[in-house]
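Just below sit the structures, each encoded as structure tokens.
In the two complexes that follow, chain A is the common piece, with chain B as its partner first and chain C second.
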Partner chain A sequence: MTEEFPTIQGAVCPIPLPHQEKIMLGHGSGGKMSHNLIQKYFLPALTNPILSVGDDSAVVQLTSNTDIARLALTTDSHVVWPLFFPGGDIGRLAICGTVNDLAMVGAIPLYLTVGFILEEGLEIGILERILQSMQEAAHESGIIIVAGDTKVVQHGKADGLYINTSGVGQINPNIHVSGANAQPGDVVILSGSVGDHGIAVLQARGELGFDSEITSDIAPLNQLTQAMLSVCPDIHVLRDPTRGGLATSLNEIAHQSKVGIIVKESDIPVRPAVAVACEMLGFDPLYIANEGKLIAIVPEDAQGIILSTMQKMKYGESSRVIGRVVADYPGKVLLITGIGSTRILDALSGELLPRIC
Partner chain B sequence: MTEEFPTIQGAVCPIPLPHQEKIMLGHGSGGKMSHNLIQKYFLPALTNPILSVGDDSAVVQLTSNTDIARLALTTDSHVVWPLFFPGGDIGRLAICGTVNDLAMVGAIPLYLTVGFILEEGLEIGILERILQSMQEAAHESGIIIVAGDTKVVQHGKADGLYINTSGVGQINPNIHVSGANAQPGDVVILSGSVGDHGIAVLQARGELGFDSEITSDIAPLNQLTQAMLSVCPDIHVLRDPTRGGLATSLNEIAHQSKVGIIVKESDIPVRPAVAVACEMLGFDPLYIANEGKLIAIVPEDAQGIILSTMQKMKYGESSRVIGRVVADYPGKVLLITGIGSTRILDALSGELLPRIC
Partner chain C sequence: MQTDYRDERLVQGVIEEIHKLTTQPWVLMEICGGQTHAIMRYGLDQLLPSKIELVHGPGCPVCVTSLELIDKALAIASSPGVVFTSYGDMLRVPGSGRDLFSIRANGGDVRVVYSPLDAVKIAQQYPDRQVVFFAIGFETTAPANVMSILQAKRLGLKNYSVLVSHVRVPPAIRAILTSPGNRVQGFLAAGHVCAVMGYWEYPAISELFHVPIVVTGFEPVDILQGILMTIKQLEHGEARTENGYPRIVTFDGNQPAQAIINQVFTECDRKWRGIGLLAGSGWCLRPEYAEFDAELRFSVNQIQPEESPICIAGQILQGLKKPKECPAFGTLCTPETPLGATMVSSEGACAAYYRYSLRSQ
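Coming up: the complex of A and B.
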């Protein structure tokens, strides 16, 4: 967080006064401010080796009498606004978000818990529609909702409703997927176009200023990841580029794996309507949230079988190679732009679109 | 929910007009309105055999190569206000609440996930104190926080912060604890005084009108339950009487087990200061939330060893028998009052103390 300097008669006073740091919207962006909040406050307070790994789900070992099972555990609170938007709603988002976090460590999603915070005055008809949508998404992904909790807060102390979903998945013994496993020489695959979810939510907020056919890409990706892992158990990294977008997720991987990643802008698909909206609003689609896309980093010799497998699946039809992992520039992401120049592609700094998920 | 009748010129019009049902604070009470909301909307939409059981945690089976492990899964969102109160804070509450839900199905708590919804403008110093408190409670209970999530909403769209905790525990093969397992002849044990948590929170709200020494009883109960199960694996029911209080929890058990439960008012401990506060405010302490107490329903022949084990433990010193399970009055709880009469002790109806946990 930047230091605050009080202004005296129009001039900037260079003496920092004591002040209380406060939570800002940017702390929820999924970008650098979120990262700093977690590094500075959450990890030191709650630290342990499992929490510190930094993947989409925690991986734990469960010792039963004669065998050891590896479980993936994850949690996500969903505060998207508005509750309904083209292509989805907070209910579908809550299920798919958590299913995908499990899938991104190579787990088979098994069980889900749901926690609701309801605002007094919420129409029950709205709740019913959202519950219906959750059940449909659970069916599609094959996860089972096993436990729930409901709290109610006074009118004005929430915004309709918030949903936490926490999930448990099981990881087969030969699977070792982590953001820390990218290796020089690996190929970077992206499963489809970027920016759809964020722009669909902006459209629902009436912030686009024009009509478009943009819909959110929300989808459960576990069947896609399971198909990929069945043809190549040695996939190194899987990650869904949600808050902070593709650019931020690639930076996280480069940082975790201590490698460089080079991607080519012209290979990253962006739907024309999304590109137009971004152009008008001054956004870069590489920083816009997605909810049904994944990045896979795979050994070069497996790229053919993995790509052809992905392209046969509903949510992977448009999969393509967008870049490579290199030993140079550890921790950095480089973008080869449309005009052929190369620049550093940084993680999201500050807040772009609050309450996008 | 009661029908609404529009008023015309001061008279009550007897024709119910179509209206939208809305969420009311009572839907979060943990009593009958919560029960009705869950039965009418949540269960039909999300139904499956595991969700429908109705215990404090879901019990699922995990098949590994050669063995089957049983896991307990649970979730709770915490919206208590104020964030700090005598004897605890929202952080300790969030950890202990979930640890206790796991303990109440006989599980050993293993892993916890935490999901924060932070309000823009929250002082980070407050967050730090709460994180510290969470870590202390996690250490005390032995559970490991393995995954987290942080969302930020605009100022005025939350109330400081809300915390979801979801937990995973492991259940030993010989343990079968459930609210559905109470049997006629069983003995009902209570681990200590009731009403402390709810009255401590009211005091922090400045609603008592007098100073008192009342502190919340928030505590992790898993070491207590593990000691109890080690001397008697055949404990039938464990439940922590939180929202809705002792009366509501006993009703849930009577309903799940299709038995009657008779308890004696004079055997239920209430601290003098809590009794005074309840008297002044018109509350019945049997409906006030607790956060560090448990009900155990055990075979009669095991009551001696279980009671003596409980009384040696920090959070079970004041344990005592408060009643019996009977075959008559299935689904009902009967209270033998201080003056010797007997009356039905119903579940909480409507809302008593909003945002108590």
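Coming up: the complex of A and C.
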């Protein structure tokens, strides 16, 4: 392998495995390793123009008549552990994750299917609690669960249970939301504090080493997005910053839209308990997963009406402007730090690891 | 998180003072990787006078852990029945051809712990398995690592051991100052190391090499304060050891912590990745605690790999070169495909440049 790098002089380090032969946990982090896996293996193998768009849901046109609503389709698998954590559980997550993927392309979520992989030995009582939670979340969002499948695997072959959900939704003809639509001059809005979900799950795993009042922010965001689209059908981008956090989602948008995005650190809300937990563990809250927040990129002249609409909604009360889209630095996200300097805000690389000291 | 030590006006105040004071070019080294990251993360280098050059020191424990020890860790972690525990950052560091991630992907039981005491708990939970903790780090992590050994001894655990790779800051500063290519004129000493050890070892170095050393913290205001104090000395032709982090650090340091370190560890020679063997620069287990030595328990002493000649991490760790001067930086060498430890660790200088620096991209 050294022959590939003939121009480099000096003597020190070995070349590590680039992890191209086996799947690593980092491939599921939602960061650059996940992105590379999709670009290098999934897209070439399964490619078509609809899949290649790279938004949270696929958007398909059922007839050539563009006055008729389009269909949004998405699927999402949930393997969170533990199954229950402060503020939610795997069932609520499975419904909200798919509902939100539909909502982020401007769709009204309609129907949902559920696939369960259950581990031998799982207590029926746990399954009942999760089903109850799924029904509550479906009711809250208005989506209807219309089909399901169950498989059971041997003890030790799954972590209690895994859930896959797939959903369809309807996109009205005047709505065109996509990660590729951000334009210079647009305003970046964030619907609330970041990092709550990821830290709540770490806490439930007992990994914080202390107790806190942090709860997950899991929520269905479709009512919020519908209210926003009703006052401004011309919203350019919607995205929920899940795995990889706010930083990674902003990078995806900058990349898809070929624009630069500048955000101001002091405008990004982080709950004090989340900030403290991150400080102690050496995490950056901008890379921690959220499950009930959204980023909206909107035309500057619509910012007032959209913000006031969001702030009246349950899951958008703390919405605020955090930055702008610019023509410079295409594909990059810049952060204006709390002390006034500017730096790159990169996407998450692989697995999120705590620092040593 | 907003604290006074990140206050924009306070930062601006110190920056102005530094600008007023600086009349000629100076080269400073921040020892600690945590400081390097704070400098890049807050863009402090953008605010300083162009006459001040910051070079990044060897104070990233992940970066300086020798290939030999990493290979030993990999050998132990892939042994049957072993639970290998480590601080998270170490999982990414390449040994010869593989890393702890690949051991885990191949079925090895590799677990991230936040504290070595968690590793002791795992040893209690699994009495029929060997639990090993990768005890790396500078003086900062030594007390916790030592505590885990004392705790295991107290509990009579026969299935707990540590792979020790401890390094110490003062011998590294001496090595840098005696290196023929040295350009460093003043040091920001690592605040958290001094919180444990105090700074009684440093005045002799200041005097011998006529170099200012300022104990420095990690918040933007702390780092700038350290720079200001160092520049002030340099501009006045002084060379003392000063404490710029008095809210955390005392001259004598944390004496109970030093006492338990001395009880369990003894000074030894240590190989630093990219720098080489430095006499008396490490800590090893005292013979009385040999039963907790993973190297003996797993007979991995014969592992002695060769470094292959690819990246310039060694010169970066010694402050001789900057990440941007490496032809592979950001192209062949990125955090996803690192060629060297300085790109692998989140505290490594290359990773800090790659993540945060506008000028480098």
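Here, the second predicted complex is superposed on the first by the 326 of 357 C-alpha atoms of A that agree within 3 Å, B and C clash if a C-alpha of one lies under 4 Å from a C-alpha of the other, contacts with A are read in each partner's own complex, and residues count from 1 in each chain.
Following the convention adopted for this analysis, a contact is a pair of C-beta atoms (placed from the backbone, for glycine too) under 8 Å apart; a residue touches a chain by one contact, two chains touch by 3 or more.
The structure presented is a predicted model; accordingly, all values stated were derived computationally and were not measured.
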{"item": "First (chain B), second (chain C), both or neither touched by A:118", "value": "first"}
{"item": "Which of chain B and chain C A:32 touches, first, second, both or neither", "value": "second"}
{"item": "Chain A residues touched by each partner, larger count belonging to chain B or chain C", "value": "B"}
{"item": "First, second, both or neither for A:339, with chain B first and chain C second", "value": "second"}
{"item": "Touching partner for A:158 - first (chain B), second (chain C), both, neither", "value": "first"}
{"item": "Partner chain(s) touched by A:24 [first = chain B, second = chain C, both, neither]", "value": "both"}
{"item": "Chain B versus chain C as contact partner of A:76, first or second or both or neither", "value": "first"}
{"item": "Touched partner set for A:58, first chain B, second chain C, both or neither", "value": "first"}
{"item": "Residues on chain A lying within both footprints (that of chain B and that of chain C)", "value": "22-26, 354-355, 357"}
{"item": "Interfacial residue positions of chain B with respect to chain A in the complex", "value": "20-28, 34, 37-38, 41-42, 45-46, 48, 50-51, 57-58, 60, 62, 64-69, 71, 73-79, 110-111, 113-125, 127-128, 131-132, 134-135, 138, 144-154, 156-159, 162, 164, 166, 168, 170, 354-355, 357"}
{"item": "Chain A contact footprint on chain C (complex, rising order)", "value": "1-2, 6-8, 11-12, 34, 40-44, 46-47, 61-62, 67, 87-99, 101-102, 104-106, 112, 114-115, 136-138, 140-141, 192, 220, 273-274, 305, 307-315, 326-328, 332, 335-341, 344, 346-347, 354-358, 361"}
{"item": "List of chain A residues in touch with chain C within their complex", "value": "2, 5, 7-19, 22-26, 32-33, 36, 207, 209, 266, 270, 272, 275-276, 278-279, 281-282, 332, 334, 337-344, 346, 349-351, 353-357"}
